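These are the structures in question, set out in turn.
You will see two complexes here that share subunit A, one where it goes with subunit B and one where it goes with subunit C.
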Partner chain A sequence: MTTETKQAALKKRQDNRFINKETQTAAKYLRRLKELSGAPDGIEPFYDTLERIYVDMQSADVPKGMKTIGTYCVMVPQELIYAAGAVPVKLCSGNYTAFSVGDEIVPRDACPLVKAVAGFKQTGLMPLYEDCSMMIVPITCDCKKKIAGMLSGECDLMTLHVPASRDDDDIDDYIAQMYDLIEKLEKVTGNEVTYETLSEGFRKVGYAQYELSEFIRLKKQTPYLVRGSHEMAILNSASYMPADKWGEALHKVNESLKERAKSGQTVTAKKLPRILLTGSPIVFPNMKIPLLIEEMGGIVAGDETCMGERGMWDPAVITDNSFDGIMRALANRSLRPCPCPTFADNKQRIYRLKQLISENQIQGVIYHVLRGCLVYDFEYKRIEEELGQLGIPVIRLESDYNEEDVEQLRIRIEAFIELIKLKQAPEKRTSVRTGF
Partner chain B sequence: MGEYYIGLDGGSTYLKAALIGNGQVIDTMVRNTGIDNDGTARKLAGELCARNSLSPSDIGYIMATGYSRKVLEVADDDISEITAHAYGVRLTAPKEYRPGMIIDIGGQDSKIIYLDSNCGVKNFSMNDKCAAGTGKFMEVIAQILETTIDNVGPLSLEATNPCDINSTCVVFAQSEVISLVARKYDRRDILAGMHLSMARRIIKMMKKSEKGGDILMTGGGALNVGLHRAFEEELMKDVYVAAYPQFSGAIGAALIASERG
Partner chain C sequence: MRSRKRIIITSAICIMLVGLAYFAWLFPFYEFTTNDYSTSVEKLLSTDYIKTLVPLFIIIGLSSVGIALCVWLRKLMAKTDKRYSRFANIRTGKVAGKAPNQKPAVFMVIRWIVMIAFGFMMIWGGLIFGLKMSSISIPILSCPWNTEQMTESSCYYLSHLNELFELPIKSILIFFGSTIGFTLLFGRAICGFLCPMGLVQDIMDKIRQKTKTEGVSMNEKMYSALTPIKWCMVIIFVGLCFMGGNFCNFCPAVAVSPILAGISTSLYVSGFLMILVLMGAFFKRRFFCTVCPLGYLMGLLHKFSLFRIKKDCQACTECGACYEACPMGIKMIYTERGKADVTDANCIMCGECVRCCPENNALSVTFAGAKLYTSSRKQIMSEYEPKKRESEAAKK
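Right, the complex of A and B next:
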C-alpha cells in the first residue's frame, strides 16, 4: 500500500468513527426526549428534523435547488435570506463529538459551541455545514470573532459588526450593513431582492413568529400543557427547517395543545417546581440540562435562551412601508430589544427575566453558563442580586460539551428543586408499615 | 401511625442510620455499606428498632439520602444530601449557632451549604470533582505517615512548626508529603500542614457574598480536631461543630421523614 492509500484508509476509519460517535450521541438524546412524558401531539416533524440532520446526517429539507445560508446568533434577519430565495440554517453547535475534535484546534478556554463548529468544519462530514453557500457571522464575542476568521478560509463568509450599544448611530450603521448583506446574498444566490420578495420573506417569518407566540401563550397555562424540554426541541429544529414549514408544524402542535387545554389533559397532575432556564445557548443534542431538570421533578416553565424561545420572539415593527422602512425595521429588531450579553448595557435582560418570572409564576432560576462563556458569566452576579430581592433563588450551573459532569449537574439540580419543593407543604404517608 | 422516624445516609463506604422521635435524636448506628446497599439498610433499620424496643409499625416514615439513596428500597422516599444536612443542623447545631454556613466534609466530597435564618437552604457549593478537601485526602496522607485517620487530628495539634503543603491535588500532595518525610520533617508538623491545606482548599469554595451567620462543621471531617483548628485559624473566626457530625445527613433525613409520617 502506498502512503497515500494508507492515509486515505486512515482518514476513512477516522471519519467513520466520528460519524458513529456523533450519530449515537444524537440518537441517545433524541430517545431521551421521546421518553420524557407529556410530549404534544404533532411533535414528530420536529423530532424528524433533528434526526435527519444529526442522526441520518442529511442536508436540511429545503425545496430542490434552493441554497442554504449558514447563520449564527439572532442578529441576522432571516427575512433577508428568504427574500434572496434561499433558506437560513443556524450553525451554532451543541455537538459533543464535534467539540472533542474542535478542542484540539481551538484554545482550551474557548467556549464549546465554537469548538464544536470548528470541529465540524475540520472533519468536513456534516452536510449542514458543507452545503452552505455562504456563512454570516455576527461578531458578538471574541470566540465568534476568531472563528469567523478561521472559517473565512474555508467558505464564503461575511461578518456583521454588532455594536456594543444601541444608539441611533449604531442602528444606522447596522442598517448600512443590512444593505451590504443584501448585495452579498444577491451575488451568492443569483436572485434579486425586491420589495415583493422582501415582503414574502416577512410573511414567512411572521407566520412562524405568530405560531410561536400562540405556542408560548398556551405554554404559560398551568397546570402545564407542555414541558420545557419539548419546547426547546421544537425551537431548536427551527434552525433546520424553512420558517413556513416550521410554522405549519407548530400550528398543528398548537391545535393539539388547545385540545389538551379543553379536555384538561395536562403534562402531570403534580405541582412541579417551575424553573426558568437562562444563559448560554442550549443546542441539540446538548439537552443535558433541561432533560435533567425535568427528569429530577421540575418543569422548565421559562426559557430565556437564544436557541430557545427568544430566538424568534421579537417581531419587526414596520412604521414605514417602503423598502428602506422595512430594512430599518429589521435592523432595529435585530438590536434594540435583544437581551444578548454582547451589549455593554443589558439591563433589559433583567426586565425580560422579571417579566417571564411573573408570567410563568417561576419559583427558581437556573443560570446556565457554558465553560468559557464570559459574557453570560459576567451578568450572573447582577441577575442573582436583582432576583434575590424578589425572593427568587438562582443557581449558576456551569457545563461543557461532554458527559463527565452529568452526575454533578444532577445533584445540584436535584438539590435546587428540593429547595423549591420544601417551601411548599409536604406529601404525607398514609399506610402502616409491617416489616423491613 | 408510627411516632418514630428513621433517616438513612447511604455513603459509598459507610451507611449511617438515625432514629428520631418527638423531635429528638434517640439513636444512631453505622455499618460498612458492603455490596448490598439495600440489605445493609434493612438490617440497620431492624437493629435500630430492636435496640430501642420498637416494632416496624412504630416507624412512621423512612427517608434516605446520600450516594445510594435511590436504591434503598426500604425507604419511603429520598432526598439530596444538601437538603438533608441543612435539616440535620436543626437538631445537631449548638444552641448559640446562628444559621449561616455549614461545611460538610465527607469521605468523597465536601460541600458548603448556605442557610437562611430558618435553616432553609439558600445556596450551596460542592466539590465533587476531585478528592482534595475530602476524607480521602486525609486517609491517603494518614497512611503515608503510618497512622490512622482517628489519630491525625490529635497528632496535628502537637505541631510546633506546620509545613507548607502546596499541592492541591491528592496525588501530587502524596508525593510532596513523601519528600517531606524523607527530609525528616516531624509528622505532626506535616499533619498540621495537611489540615491547613485542606481548610484553605475548602475555604476557596466559599462564596464571598454569603457572609451572614456562623460557621458549622458537619460530616466525618468534623470529628477531626486538627481540621477544626485549621479552619478557625484560616478564617480567624470561631467555628462550631455539630453534635453527631457523621450522622448529620441521616438525622436530617429522619427529620424530613417526620414531616411526612
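Right, the complex of A and C next:
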C-alpha cells in the first residue's frame, strides 16, 4: 500500500469516527429535549429540523434552486438575503465533536463556538457548512475576526464591520456596508434585489417575527405554558429553516398554547423557580445548561441569548417608504437595539434584563459564559451589581463544549435553585394538577 | 475643520436671511396691479378667482420643477459614485412593489382629519360658514391677511409688536391671554394638529412616501446646525418691526391661505421662500417646522402644556425607530433612560414616534394624564398578520 492510500484510509476512519460521535451527541441532546415533560403540540417540525441537520447530517431544507447563505451573529439582516432569493442559515455552532477537532487548530484561549466552527471547516463533513454559497461574518469579537480569515478560502466571504458605538455616523457607515452586501449577494445568487423582492423579504421575516411575538406573549403567562428548553429548541431551529416555514410551524405551536391557556393546562402545577438565562449564546446541541436547569426543578422563564429570544425579537420599522429608507431601517435594527457586548457602551442590556425580570417575574439569573468569551465575561460584574440592587441572585456559570463539566454544573445549578426555593414562600398545594 | 465649515455656512445663511427679510420689499415674486383685500363666495366661483390663484400655480410649478431637478441631480451624483452607481436607478427611479406598512392608527386618522378640517376652516371658514372669532388668537402660521379665516392667528401681532402696543389694553390682554392660554393647553400639539403650514408640509411628505422618492435623512449634527438658523428666524420674527421691516413680506405662510381665499396680495420674498419650504418639506418631513420662529416661542412653554409624551424607560430597547421617525429629530426620546416624561421643546405631538415604537406601552401621547395613543407591538406587526381567511382555509 502506498502512503497515499494509507493516508486516505486514515482520513476515512477519522471522518467516520467524527460522524459517529457528532450524530451521537446530537441525538442524545435531542432525546433529552424530547424526554422533558410539557412539550407543546406542534413542536415536531423543529425537532425534525435539528435532527435533519445534526443527526442525519443533511443540508438545510430550502426550496429547490435556492442557495443558502451562512451568517453569524444577529447583525446580518435576513431580509436582504431573502430579497436576493436565498435562504440564510446561522452557522454559529455548539457542537462538541467539532469543538474537539477545532481545539487543535485554533489557540487554546479562543472561545469554543469559534473552535467548533473551525472544526467543522477542518473536517469538511458538515453539509450545512459545505453547501453555503457565501458566508457573512460580522466582526463582533477578535475570535470572529480571525475565524473569518480562516473561512475565507473556499467560499465567498464578506465581513461586516460592526462599530463600537451606535451613533448616527456609525449607522450611516453600516448602511453603506448594507449596500455592499447587496452587491455581493447579487453576484453570488444571480438574482437582482429590487424594491419588490426586498419588501417580500420583509414580509417573510416579518411573519416569523409576528408569530414569535405571539409566542413570547404566550410564554410570559403564569402559570407557564411552555418550558424554556423547548423554547430554545424552537428558536435554535429558526437558524436552519426558511422564515416562512418556521413561522407556519410556530403558528401551530401558538394555537396549541392558546388551547392550553383556555383549558387551564400548564407545564406543571408546582411553583418552579423562574430563572433567566443570559450571556454567551446557547446553540444546539450545547443545551446542557437549560436542560440541567429544567431537570433540576427550575424553569427557564426568560432567555436573553442571541441564538434565542433576542436574535429575532426586534423588527425593522420602516419609517420612510423609499428604498434607502428601507435600508436605513435594516441598518438601524441591526445595530441600535442589539444588546451585544461588542458595543463599548452596552447599558441597554441591563435595562433589557430588568424588563425581562419584571415581565417574567424572574427569581434568579444564570449568567452563562463560554470559556474564552471575554466580551460577555466583562459585562458580568456590572450586571451582578445592578441586579444585586434589585435583590435578584445571579450566578456565573462558565462552561466549555464538552461533557466533563456537567456534574460540576449540575451541583451549582441545583444549589442555586435550592437557594431560590428557600427564599420563596412555602408552596401550598391547593390546585389539582391538570397538566401532564 | 468640518465644524468650522458648518459654522461658516450657518452664519452665511443667517446673514442672508436677515438681509432678505430686511429688504424683502425689493424682491417681488408676484405683484398684482392692485391688492384686493375683499372677497366673497361669488368671487370664489367667478373667473377672478383663477387670477388670484396665479401666484400659487407659479409656486407649485416652480417647486415641482425644483424637486424634479433635485432628484435628477441626485441620480447623476449617484451614477458617478463608486459604491452607489449600481443602485442609482433603484434609489432614484420609479420602483414597483409595496413596502410593508402597518395599518393606520386611529390617532393618526384623527390627526389628519383635524388638520384638514382646521386648515379648511382657516381658509374659507369665515367666507363659507360665516364663522369668525377674530378676537381669539391661536399661535399658528395661518396668514392674517386672509380676513375671512375662522380665528385670528397670533403671528401678526407677535411679528408687529410695535403695533400691538398701540392697541387698547383690553385687546392686548385678550391677545396675550388667548395666545398663552392655547399654548399652555395644547403646547406644540397646535403645530402638529392645527397649523396649515404643517398640513401643507405633511401633504408634500405624503406625496414623497407615495412616490417612494428618497428623502434627506438628517442626523443630529445637521439639526444642531439648524438651531442657530432658528434663533436667527426668531430674531427676525420679533425684531423686524422695530427695524422698520415687515415680516409679512418675508413669511412663507402668506403664499397659502389668502390666495386660496380669493384675496390678491402681492408676494415678495415669501413666494420664493414658499418654494423652498415646499421643496424642503418634500425631501425632509416638516422641514420648515425645524426653523419655525413661532414654534420656537411656543416651545418655550413646553414644560407646562397638557399634551405630553411619556416613556416607559424599562420597556425601551433603544431601537431608535422613534428617532428615525421623528420629523423634528429629537434624539433624547430614545436615549432617555430615567425620566418618564420625554416631552421636548421641539416636539410637535405628531405621534410618529409612538406609531413606530415596537414595544408595548414604551411610548405614549398623553393629554392631562390620560393616554391618548400608546405604542403596541401588535399594531407594528399588523402588516405581517396572516389574513384571517387564509388561515381558516388552511385549517380546513
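We take it that the second predicted complex is superposed on the first by the 424 of 436 C-alpha atoms of A that agree within 3 Å, B and C clash if a C-alpha of one lies under 4 Å from a C-alpha of the other, contacts with A are read in each partner's own complex, and residues count from 1 in each chain.
Criterion: a contact is a pair of C-beta atoms (placed from the backbone, for glycine too) under 8 Å apart; a residue touches a chain by one contact, two chains touch by 3 or more.
This is a predicted model, so every value here is computed, not measured.
When both complexes are overlaid on chain A, the residue A:E418 reaches subunit B alone and has no touch with subunit C. Of the two partner chains, subunit C is the only one touched by A:D172; subunit B is not.
Touch criterion met: A:E183 reaches subunit C, while subunit B stays clear of it.
Once the two complexes are laid over each other on the shared chain, residue contacts for A:D324 go to subunit C alone; subunit B is not touched.
More subunit A residues lie in contact with C than with the other chain of the pair subunit B and subunit C.
In the superposed model, A:G206 makes contact with subunit C only, not with subunit B.
By the touch criterion stated above, A:K146 is placed in contact with neither subunit B nor subunit C.
Contacts of A:K252 after superposition on the shared chain: neither subunit B nor subunit C is touched.
Within the complex, the subunit B residues that touch subunit A are 1-2, 42, 45-46, 56-57, 59-61, 74, 76, 79-83, 120-124, 126, 128-129, 256, 259-261. Against subunit A, in their complex, subunit C makes its touches with residues 83-84, 86-87, 90-91, 95-101, 208-210, 212-215, 217, 219-221, 313-321, 324-325, 334, 337, 352, 356, 358, 377-378, 380-381, 383-386, 391.
The residues of subunit A lying in touch with subunit B in their complex are 393, 395, 407-408, 411-412, 414-415, 418-419, 422-423, 426-429, 432-436.
On subunit A, the positions that touch subunit C within their shared complex are 166, 168-169, 171-172, 176, 179-180, 182-183, 194-200, 202-203, 206-207, 209-210, 213, 251, 313-315, 317-326, 328-329, 332-333, 336-337, 339, 347-348, 351-352, 354-355, 358.
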